[in-house]
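Okay, so chain A shows up in both of these, paired with chain B first and chain C after.
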Partner chain A sequence: MIRLDQVSKRYAPAVVAAVRNVSLTVEAGEAYGLVGESGSGKTTIGRMLLALEVPSSGRVLFRGEEVSSLRGGRLREYRRHVQAVFQDPYEALSPRQRVEKIVGEPLSVHRLCGASARARRVAELLRSVGLPEEAAARFPHQFSGGQRQRIAIARALALEPDFLVLDEPVSALDVSIQSQVINLLRDLRSERRLGYLFISHNLAVVAYLCDRIGVMYAGCLVEEGWREDVLCQPQHPYTRELLDALPGSGRLLAVPGPTLAPPAAVGCPFRHRCPYMMEICCTMEPRIRPSGAGHRVACHLYEEAS
Partner chain B sequence: MLQVRDLQVAFGRGPALVRVLNGVSLSLRSGELCGLVGESGSGKTVLALSILRLLPQDAAIRGSIRLGGEDLLTASAARLRALRGAVVSMILQDPMTALNPLLTVECQVGEPLTYHCGLRGHLRREQVVALLEKVRLPGARQLLHAYPHQLSGGTRQRVAAAAAIAGGARLLIADEPTTALDASTQADFVRLLHRLARETGMAVLFISHDLHLVLELVKRVVVLYAGHILEDGPAADALRSPKHPYTQALAACVPTLERRGERLPTVGGTPADPARLLPGCPFAPRCPEVAPACSMMPPLVEAETGHSVRCWLRLARR
Partner chain C sequence: MNFTPVMLRWLGSKHVPWAALTMGTGVVMVAAAPRLFAPYDPTRIDILHRLAPPLGWGGNAAHLLGTDQLGRDVLSRLIYGAQVSVAVGLAGALGAAAIGLLLGMSAGYFGGSCDAAVMRVAELILSIPVMLLALGVIGALGPSLGHLLLVLVLVSWARYARLVRAEVMRLRGRAFVELARVAGCGAIRIITVHILPNVLNPTLVLLALDIGRLIVLEASLSFLGVGVQPPAPSWGLMMASGREYLRTAWWLATMPGLAVLLTCLAANRMGDWMRDRLDPHRRTD
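Right after this comes the complex of A and B.
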């Protein structure tokens, strides 16, 4: 349903590209998790998918149509299919609008229903995200962070999209509230057959929601595969580093920890942090290539093997 | 070295009075790594700020806070200035707001050296370089003239850590120091705290809402909820045999790789709002095991040696 074909994004000629030659596909109804540190380009990919940014090269396709070429009515139609939920529910909701207006606005913009039908629909949406109907009459500041994120999800669902871009939707929430929102996203997905692009820096959160996982480093997709393969048989040294960094294993202090050097400009961007660095990594950047069923990795360690 | 006894902190007055801490007692030995876990609104930051006496003027504080035998609540402003940075210091959540954007790294890390140790010029610079190396910042000398905006989040937090330990503090309060950081950077910062504590022998109070993260670092964990300590015990028990239903829920609801793909257990409801607390156990409205007795506040009782819990059910079972 969604296909990125050799997509790059460079914000200015002088600076390093935010996204470099990323190709990936997300099938209808599939949940794809994109993990990586801040600055790895995962948010930029989400924004290109939402037609908020235009790729510098390559194509972003939705059902075979190039997203950046959509204009006017076609773009509006596209937005009915693809909606977004962002990290900070304090900034994503207008403080001056009542919840009824916030959640109902997409319906008004798309002229989908009249005033009374809209009120009914808003109540229905609020119920589906676990909020009482009375919430409609209140303002965002009267809700906690978790409830605000539910409001943002209700708004994203208003147009009955097929696909949601979820950019760190639980990172700003308390752990006890995170689990509620993660469960809600799971339930909504199975009820509505939604596809997700779930962006997060936390592999464990992604593991709860996603069928496939892509790992980004320095603008590149460095590993991709089915959840079980990526988590149980990680290939790229960066993926292993991310797994070691997860709290809860009790091993955090046992692992020596990487030197957090910035990405290298020449050769493999990860090489300064990589415990397995070889000579070839200093001169040649590895390209992502298949290594196992549905698994791809960009690392010289796996090139001889394949 | 730190003894907090029956600390009560409230803001406002009359009907608008909000009690944020309701009789918190906590002690830390020197060199001890202690975790303080709580959700937003639990009072964990207010507790940290009370220890540093940085609460706003209108806060009503009762109880006692002693640091190395000295009463902080009666200490003069001049004495507090001498203590902050030299005996107790703090790392905050957001290194971007903790660091002054107009000062170079050398100035920020050097300030406590001048204030507490009288170091200047060349000597101070060398000491700053030594501190930056101590927090494992590569290329310490090149960093001296850098401004905070030129640094990554992880580097900024390390600079903040270098400034916090510059005065030789014996107690470091780290308030959600990794919440703004990525997974790898977060893990790395926790490793750094561990090493600093071991090398310098300072005590660390590590504050976070993430129980699993806290348990990676500390030996003892205190669970705070709506200004009450609900549980205080060995970190190893907090995951394996948590006693309070709230700790049990916190231990269960964090996503871990082992239980991937399953439905997550949740803590129902929303975190307690200190402005709207009912009498009785503060966790009762969200507690899966709530009983009639919970309409009265249970006492914090030592259930096992070195392990206290505030819950009627756990008392009855004893």
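Right after this comes the complex of A and C.
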């Protein structure tokens, strides 16, 4: 349903690209988790998918149509299929609108129903995210962070989209609230056959919610595969480092070398942090290539084998 | 008794500023219908009672605020003068705010050459001293109330445009505005529904401060002889002619000065109060 084809994004010619030659596919109804540290380009991918940014090169396709070429009515039609929930629930809701306006706005913008039908629909949406109907008459500042995120989710669901871009939807919430929202997202997905692009730096959350996982480092997709494969048989050294850093993994950071080293400009971007660095890593950037069923990795370690 | 904290508390309190509201509505009402409030014709000359002091300083109740060098009643002239001050303060500030909002929002939202054009003109206007610009325009067009208003709008809109542009640029990158785009809102809806309500408050505060500033500016221009023309009463003109009598008849310049001061204070205070009232974090209804 969604396909990124050699997508790159740079914000200024002199600056390092935020996203470099990323290709990936998300099928209808699939939950795809994108993990990586801040600055790895995962948010930029979400923003390009939402037509908030235009790729510098490559194509972002939705059902075969290039998203950045959509204009006017076609773009509005696209918006009905792809919606978003962002990280900060304190920023995501217009502070001067009541909840009924916030949740009902997509419906009125797309002229989908009259005022009374809209009120019913808003009540229904609020109930589906676990909020009382009375919430409709209140302002965002009268809710807690978790409740606000539920309102943001209700708004994103108003147009009955097929696909949600979830950009760190729980990272700004209290830990006790995080699991509630994660469970809500899991339930909504099974009820509505939603596809997710779940962007997070938290591998544990992604592992719980997603079918497939892509790992990003310095703007590149370095590994991708089914959840079980990535979690149980990680191939890229960076993925292993991420898994080792998970609490309860039994191992403290096993990877030697500076963890805060900047991405390398030439060759493999991860080589300064990589315990398996070879000669070739300094001169040639590895391309992402298949290494097993549904599994892809960008690392010279696996090129010799194949 | 420690008086200062009480004063400060009153000036900063979030409660209804009754004094400022009374003063403000009083000035507006008096300006709307000076005939009903003025005890005398403001241009009636009564040489026999010239330079009568105000009540309490040796004057009597016939002329509460005394009379001027031609025996005209100061209170009546103040009341008629309010008309000019209110018209100029309100209309000038509203006109400037409207133009500034329109240009500032376009510049901030659309950016690019639109932004560059608006901001260069705004900087040009802000870089010319207000008085010089006003004197130049009035000198070219001739003194009249309409031209005075034009000048005040011309010298004031740029500050609104700059304020609004900065606010809009800040808001444009915020998540709820981006999510409005994702929801399918067009540029006009985003500007009017999501951005405008959030820039109204700072604009309103600037507007309230501006009303006072414009009243003072009108008084200064009239004082210099390029604003309202005699014999029409204006607070600035009254101060100008009262200046010569400062030693012998202090009330001629002081009374219009006080009127400017109090009106300006009341406008500022009401602006602050409105800002607090309009803050959504204080609204629970």
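A few comments on the model shown:
Please note the rule applied: the second predicted complex is superposed on the first by the 295 of 306 C-alpha atoms of A that agree within 3 Å, B and C clash if a C-alpha of one lies under 4 Å from a C-alpha of the other, contacts with A are read in each partner's own complex, and residues count from 1 in each chain.
In this section, a residue touches a chain if its C-beta (ideal position, glycine included) is under 8 Å from a C-beta of that chain, and two chains touch if they have at least 3 such contacts.
Quick caveat, the model's predicted, so the values are computed rather than measured.
With chain A as the common reference for superposition, the partners chain B and chain C occupy compatible, non-clashing space.
Judged by the touch definition given at the top, the superposed model places A:S57 against neither chain B nor chain C. In the superposition on chain A, A:F139 makes contact with chain C only, while chain B stays out of contact range. Set against each other, chain B and chain C differ in how many residues of chain A they touch, and the higher count belongs to B. Looking at the shared chain after the overlay, A:A207 reaches chain B, while chain C stays out of its contact range.
In the superposed model, A:L231 makes contact with chain B only, not with chain C. In the overlay built on the shared chain, the residue A:P106 is in contact with chain C alone; chain B does not reach it. After overlaying the two complexes on the shared chain, residue contacts for A:Q178 are found with chain B alone; chain C is out of touch. Looking at the shared chain after the overlay, A:E91 reaches chain C, while chain B stays out of its contact range. When the two complexes are laid on top of each other via chain A, the two nearest Cα atoms from chain B and chain C are 16 angstrom apart.
Of all residues in chain A, those touching chain C in their complex are 50-52, 76, 79-80, 82-84, 86-88, 91-97, 105-106, 109-110, 139, 141-142, 152, 155, 159. On the side of chain B, the complex with chain A involves touching residues 39-40, 136, 138, 152-155, 182-188, 190-191, 194, 209-213, 215-217, 249-250, 253-257, 260-268, 270-271.
Across the complex, chain A meets chain B through its residues 37-39, 144-147, 174-180, 182-183, 186, 201-205, 207-208, 227, 231, 241-250, 252-253, 255, 257-262. Those residues of chain C that touch chain A in the complex are listed here as 174-176, 178-186, 189, 193-194, 197-198, 280-281, 283-284.
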